[in-house]
Amino acid sequence: MTSFDVQRVRADFPILQRTLAGGEPLVYLDAGATSQRPQPVIDAEVAFLTRSNAAVKRGAHQLAEEATDAYEGARARMGEFLGAPRPEEIVFTRNATEALNLVARSLGDGDASTPDHLRVREGDEILVTEMEHHANLVPWQELARRTGARLRWIPLTDDFTLDLTDLGSLLTERTRVLALAHQSNVLGTVNPIGTLVEAARAVGALTVLDACQSAPHMPLDVRELGADFVALSGHKMLGPTGIGVLWGRYEHLAAMPPFLTGGSMIEVVHMDRTTYAEPPARFEAGTPMISQAIGLAAAADYLSALGMEAVAEHGGALTDRALRGLRELPGVRIIGPAPGPDRTGAVSFAVEGRHPHDIGQVLDSRGIAVRVGHHCAWPLHRRYGIPGTTRATFSVHTTAEEVDALVDSVSYALDYFGRFA
Amino acid sequence: MTSFDVQRVRADFPILQRTLAGGEPLVYLDAGATSQRPQPVIDAEVAFLTRSNAAVKRGAHQLAEEATDAYEGARARMGEFLGAPRPEEIVFTRNATEALNLVARSLGDGDASTPDHLRVREGDEILVTEMEHHANLVPWQELARRTGARLRWIPLTDDFTLDLTDLGSLLTERTRVLALAHQSNVLGTVNPIGTLVEAARAVGALTVLDACQSAPHMPLDVRELGADFVALSGHKMLGPTGIGVLWGRYEHLAAMPPFLTGGSMIEVVHMDRTTYAEPPARFEAGTPMISQAIGLAAAADYLSALGMEAVAEHGGALTDRALRGLRELPGVRIIGPAPGPDRTGAVSFAVEGRHPHDIGQVLDSRGIAVRVGHHCAWPLHRRYGIPGTTRATFSVHTTAEEVDALVDSVSYALDYFGRFA
Amino acid sequence: MSSGLDVLYTDIIFEHDKRPQNAGLREPFHAEVHHVNPTCGDEITLRLRRQPGGAVEDISYEALGCAMSRASASMMSELLIGRSLAEAEEITVAFEAAMSSRGRDAGDPEVLGDAVALLGAAKFPGRVKCVLMAWKAYRAALVEADALDGSAG
Amino acid sequence: MSSGLDVLYTDIIFEHDKRPQNAGLREPFHAEVHHVNPTCGDEITLRLRRQPGGAVEDISYEALGCAMSRASASMMSELLIGRSLAEAEEITVAFEAAMSSRGRDAGDPEVLGDAVALLGAAKFPGRVKCVLMAWKAYRAALVEADALDGSAG
């Protein structure tokens, strides 16, 4: 079913060799929080650091030229990975959160010289969804607060998908921005981006896509997605922490005011005034995350070598297996859609009468690392009347046996707590 | 003269083993732009990645606990390194530029609930200096533009120091912020921070210190410095790129609005409103630079093991030697004060009738990596009537022989271009 | 394999989790506070009533959370109600110290009573916050009550 | 040791650096542009005058920068003045391509004249921008002149 050899992939991840406190092997089902790094990603960073490390775009010496080539090469590679028409559309940020903040701040910072469609002002509306990660919600709340715009949201159905019934009244001529997740980090739901981008474009609104969870799991092509901005994090797709990507249409980036200001993003600086460089430099203030960009490009290479179609198939099969196993257990309620093509990567569930923290503790005692809580999607959990969920997420190194161990261990946890019932 | 063994230190820096295109050994005199990384810093990151890598502050599993301990341990270590009264005063940012942007944005974002001294508004004044790096100038220009405050600056003397003659009229009751470099990245000048902090405090202004260049070169103690905020970058002090530190007095941080918003910086999130966590979490939105914080702490350990007093002595001796050699060369003008205790780390110079790019090219052909241009301090260069300088900066692995090679090579460059004169 | 687990989840923890002591919000009270644990969404609303002489007359609460955090609220209320403020302070300090010791300080059953059972969580840094939430809420309520009646704590 | 250097700094480069052709700003002109290289602070102000038929009648400029960038402005002006727009375009395209080739495209001296000497910089990525600045300024002036007289370029 999986076209790559998962055992060979596992050998590339040094951390999978470790055992835990009780001697158990590590079953890492928390890739949705942060993924592990294969050796080639670590090696790429170390090779750079021990050979060509230097400040980029500044020096006239050989090391600086090598470093600049490596850094700009990483940008070009990420552009390719995402199907970006131009490498200059790739802006490196510290994480997806900063990428989303960049867009939200810049849309609020324009002046008379900024095109109208790139400005959010009083009376405008911003549309998000009830399933958003805090990273794609709070920056928009703050933008609304600063500008006097109104924040609205697409609600969720009982089936764990977006409720588009009232889309016509939510997405109107007043809407400047539609910001939403490509894939929910809790539900696993993949949203109907094509339809929504088209609807947004029809009313002249920009679409901002949070692709944090989809980027590691499926082929992405920004041209096909059709959005105006796409944000993702390196550490969720086998790359380093401390690096994220904002992709944006060049014509937008070229007309937007900067976010962070300082060195390397300027054109001319006087004491009392400054003009700014073209994108992407305009949005990369200060010394960038150089070795991290190189590590991220190596992660993209690693995923591409496996093939994103194969990666998607692998993740889909594991998700199905986990869902089929878990839903048989008494008192377990899956928080997410039934198995199907538009749901992958994450399996979250609630247990009747048991707090997720307690479930997670039992799993941990058996070497199974999952995440518990609201997963930075508090409104989503409130919508379904639960304080939190237990969430298992999969990666390219996850095996069917590990999924079975998860199901077994949840069953064990039910028994464990059952004895006190 | 140096109390540590420079040759032993050199053995810790793998990049110093490499040779350049023409077979020359690498003479890296560009540490002021970015420093090189000793093996223990690389090892610390790799060890973390291959053993304990996980999302911090979120998971309930063993790896997540180890990762959180390592990350918070790095914070505590940086607090110690800087003499911070509390570890919670250390905020990790992507670089010094972001740290300075954080302060500048937050001071402009307050509302009625924010204490007056932490708000910059129309009619207020912001005071910087003419020697600032763009990172400590442009964010303040932007704050002034957004709020209607007025930006003023302390000018420079012909002796390459701050001209404090008119300080009384520049620093007044209207001044909310004094932002300045601890040490200039071009001149090497160390500013009289004690005097300035006291003067600022006397009028009720906050002091924001850019310690990018001083942190790698001398012992720092935020209590002694007396400033309200201190910013620095990891990659300039033997640590990774992609990480910086903002130190701030706890009572300020606790009263300031957030900058980046998203996951991990919240208290409670509803669709229409959010409350925020205490510092430092409030200022660390999203997944932090985990392995980079750990690398930075290892860099602090490395420097502490050498002893910052010894590091300062070493840098001072090299600076003196370079200045004494270069000022003998015909047509060379040192852009910076004469040798002395308040000048270290960086030696910049201009050559009569020769552009720095051409000088740098000749040095590069002899394996000597220096930086040329305005070094992100364009107004400073304009002040001295030059488009740019050639700058050599030193680190713990720099030898007296390397400084001599620099002087020889500048002399060679003068001859080289002399033949066309 | 689940040895670590049994340190955490003892019978007494589950007894308090199932039958929490002093639960439910009662009147009258001098201060009410609402605390959340932002990482897991656990919540507690806690009310404090003090006697004129300064003793803890009543602690009532509503707690939403894991077994550890609910048991902790229950045990704390049992332990502190009826104590003088000084005694309550001593217990709280001792408990917080043991809880932050990563297991090095096993706690004195004379002082902490049933609550020593909570100290199993001290070895699980991710769970320490769950256990401490109720205690922090008590502290905050104390500060608020002081502020309200103007008497320094 | 300095072999790399001599590829860059040939006698002809220094001749143009010392005695720049067509330097100084002249009237009349159809468009004036000001370009800077933000990393090193180099600047050029360039004026373009076109003939009614569309030829490059004059290029005048003031350039601040390194030897390479000043020589480049001088050579470019020498090469393009008097050419038809089509010829100038052909030369510019050929020069930019060679300059971006990292040394693989040695350039045709028939087309580029003295300017082939600039191509030594193609192997030094940090210097390519210095050399191209004048050429970019010419392109920008062309666009501006077109915009001003409303004729499509």
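Note that the chains are named A, B, C and D in the order they appear, and that numbering of residues resets to 1 at the start of each chain.
Basically, contacts are C-beta pairs under 8 Å (C-beta built on N, C-alpha and C of every residue); 3 or more make two chains touch, one makes a residue touch a chain.
By chain, with names taken from UniProt: A, B = cysteine desulfurase; C, D = Nitrogen fixation protein NifU.
Remember, predicted model here, so these are calculated numbers, not experimental data.
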Those chains which touch chain C and also touch chain A (cysteine desulfurase): B
Between B-D and B-C, the pair with more C-beta contacts: B-D
From chain D, the most remote chain by mean C-alpha position: C
Centre distance in Å when chain C and chain D are each reduced to the mean of their C-alpha atoms: 76
Distance between chain centroids, defined by C-alpha means - chain B (cysteine desulfurase), chain C (Å): 45
Computed distance of Cα centres, chain B (cysteine desulfurase) from chain A (cysteine desulfurase), in Å: 31
For chain B (cysteine desulfurase) paired with chain D, centre-to-centre distance based on mean C-alpha positions, whole Å: 37
Chain A (cysteine desulfurase): positions in contact with at least two other chains: 21, 58-61, 64, 266, 268, 357, 361, 372-373, 378
Two or more partner chains touched - positions in chain D: 39, 124, 127
Residues of chain C that touch chain A (cysteine desulfurase) when the two form their complex: 1-5, 8-9, 11, 14, 17-18, 39-43, 64-69, 124, 127, 130
Chain B (cysteine desulfurase) to chain C touching residues, read off their complex: 57-61, 64-65, 68-69, 266-268, 277
Chain B (cysteine desulfurase) residues touching chain A (cysteine desulfurase) - in the complex, by the definition given at the top: 14-15, 18, 20-21, 26, 28, 30, 33-34, 36-37, 42, 46, 49-51, 53-55, 58-64, 94-98, 100-101, 109, 130, 133-139, 141-142, 146, 151, 153, 233, 235, 240-243, 260-264, 266, 268-274, 285-292, 357, 360-361, 363-364, 368-373, 376, 378-379, 382
Of chain D, residues touching chain A (cysteine desulfurase) in the complex: 36, 38-39, 124-127
Complex contact set, residues of chain B (cysteine desulfurase) against chain D: 21-22, 24, 355-358, 361-362, 365-366, 372-374, 378, 381, 387-388, 416-417, 420
